[in-house]
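Next come two complexes, and both contain subunit A; in the first it sits with subunit B, in the second with subunit C.
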Partner chain A sequence: MKKRNEGFISLSAVILLAALGFLVFSALTDGRPGLNIGSAPLEKRVSFRYLTKSVNSPDQAEIPAAGVEFGTSGYENGSANIVTSIVVDYRVLDTLGEILVLFAAAGGVALLMQERNKKIEQEASVIVKTAVPVIMLFALVVGAYIVINGHLSPGGGFSGGAVIASAFILQFLAFRKNPRSTGFKITETLAGLAILAYGLIGLFTQGSLFANFLPTGTVGEFLSASGIVILYTLIGVKVAAELSAVSGNFIGGEE
Partner chain B sequence: MFAGALAVLFQKKLRNAIIVFGIVSLLSALLFTLMKAYDVAITEAAIGAVLTAALFFWALRRLEEDGYEEKE
Partner chain C sequence: METVLFGISAFSLVLVGIYGVLTRRNIIKILLALNILETGINLLIVSLGNTPGGKAPILTGSTAPVTPDTALFFADPLPQALVLTSIVIGLGTTALALTLTLRYFRSRKSLELGAEMTREEAAE
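This part shows the complex of A and B:
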């Protein structure tokens, strides 16, 4: 089947590929300082500093200058978990892109599944109906813990949000209750707008998008790294609402 | 784990393939734990083993409602 704009689409694909190739080529061969990949020694790059940051005591840290002890206050973003501080602070623009990708995927599923609204005849068994409330309670508590404790221990918004969403999936499976509620969509929209608003506040007060403008506290305490905690909580709420809405769209059932 | 990942492709029934896929996800979560990547392990266990498997099962059910039948 020949489409109307086929020639135009092929031409723009070729142009985009050529531009990408040119960018990669110039990044590899540019001689100006700081632009060439091989221009700076490994120890002087920012990524090296991120990776060697450690909460072990300085003599145990591989690079003594990069060691941060528990109890240090006011250090950069104040997070004890290095993965989290990279994901939500240093490289937060990538995380923003990740959120947008998830949003687009959820929107696509909602668009495709719009028409399907069959009533489900089968009832869930008594065992499922009895066990699900208990399991759901535990899953919600664990998910909230993973989200809120992301700056201290492994985990964070994405994984915690997925755990919370799995609790809602269990609820759908057991009770067949109105999974396509608008509540999820409103929550998701509000959380997404709040993430953008947080980034813009950083832009206007500190001069760069998603800059830290809140006090960072003491490394290792629960009430520390407030920027990371707020951002990761918003991400967790958004991811949980999105994944629940996606599975609700798949499951269908009565409105 | 790799054998399991290959076995997913050669299952005769889609239902069995989904179950083996979930087991492979759990095993890879275990592998991430052994490599001390706990963040990735939590995400893999929640998304790979629970969410994806549940969505696959529902998609399979939709196929069956539309008249798809598994080969015996």
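This part shows the complex of A and C:
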């Protein structure tokens, strides 16, 4: 390969990076109000509404004076993990778009990987074949725990789904068994349709897509947070199936 | 101070990433650089929600009730929620890009940018 314009490209890279660096540094350190991103007080940020669970009340006076407390009920959202309450409740349309992007990527990988060269495979050793079922069991249990505890502790459908998918990837690598099975595609489709059905129930009973139609419950209990458990379980199943299918496509092997 | 430290680390990652994307010719290396760049941007977004000494925004039995005054003790949850979306989309784009790279390699027998097609492929 000829090294054409190598010096010019490096020079423009350095100039671009210097300009970017100046912008980021000034945005972080400029003391004047409004210029420094950290200078906005929390009361003026959107997150203040999410933290006090008062998005539906436009007036600050409507925020309950006692505050949002662990173990009490009656809020517009009952999730103890506030990040989860944003991802799966307040900004759930973002998450719907995210699921669609992941679906498109998985579909694209499956489409482009159709004509796969058959490669020479080496059999996995006895040690791997003995250890993988044990590790798989732990990975599945931990993944399921992360998925269904997304509203109480750090975690959720995406991270838990990735852990579950890692169990299936180990299975593919050790046993070369059905890595391109249609079971993943069927599971993924059903979970996706169930997510849409959940959103449509909200649309027809409450008047807006993905509206809460279940009681919000007590903050900190397992069955709280109105449907976040249901939605995150469905998302976890869908993400696990998608990631398993994508890695199965990359690993290849017999049908 | 913490925010500036986070910003400098994030910018260093972005710097490595952009440099790699602009100067490498191997497609796998470009994708690696793209992922480093993405990590830097995610770190920058999360660091913008940092409150000095702020806790993770999760209510537990030991946290005080969240009122307009005590909300300041938590880190800003919104950037964290947005970065979750960004990570998942990064995964999807990387998987698709690697698939395209595999097809590129099959027709050119090379991972360099601008490689010419092999004779059999060009004849088809």
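Some notes on this structure:
Here is the rule we go by: the second predicted complex is superposed on the first by the 187 of 255 C-alpha atoms of A that agree within 3 Å, B and C clash if a C-alpha of one lies under 4 Å from a C-alpha of the other, contacts with A are read in each partner's own complex, and residues count from 1 in each chain.
Note that a contact is a pair of C-beta atoms (placed from the backbone, for glycine too) under 8 Å apart; a residue touches a chain by one contact, two chains touch by 3 or more.
Everything numeric here is computed off the predicted structure, so don't read it as measured data.
By the touch criterion stated above, A:A225 is placed in contact with neither subunit B nor subunit C. Judged by the touch definition given at the top, the superposed model places A:V147 against neither subunit B nor subunit C.
Of the two partner chains, subunit B and subunit C are each touched by A:F250. When the shared chain is aligned, no partner comes close enough to touch A:M136: not subunit B, not subunit C. In the superposition on chain A, the chain among subunit B and subunit C reaching more residues of subunit A is C. In the superposition on chain A, contact of A:G155 is made with subunit B only, not with subunit C. Once the two complexes are overlaid on the shared chain, A:I169 sits against subunit B while remaining clear of subunit C. Shared-chain residue A:R45: touches subunit C; no touch with subunit B.
By the document's definition of touching, neither partner reaches A:V92: not subunit B, not subunit C. Touching of subunit A by both subunit B and subunit C, each in its own complex, is seen for residues 83, 154, 156, 158, 246, 250. By the touch rule above, subunit C contacts subunit A in their complex via residues 3-4, 7, 10-11, 14-15, 18-19, 22-23, 25, 44, 48-51, 56-61, 63-68, 70-72, 74, 76-78, 80-82, 84-85, 87-89, 91-93, 95-96, 98-100, 102-103, 106, 112, 114-115. Across the complex, subunit A is touched by residues 38-39, 41-43, 46-47, 50-51, 54-55, 58-59, 62, 65 of subunit B. Within the complex, the subunit A residues that touch subunit B are 83-84, 116, 118, 146, 154-156, 158-159, 162-163, 165-166, 169, 173, 243, 246-247, 250-251. Those residues of subunit A that touch subunit C in the complex are listed here as 1, 6, 9-10, 12-13, 16-17, 20-21, 24-25, 28-29, 37-38, 42-43, 45-48, 50-53, 60, 63, 65-71, 80-83, 86-87, 91, 94-95, 97-98, 101-102, 104-106, 108-109, 112-113, 117, 152-154, 156, 158, 219-220, 239, 246, 249-250.
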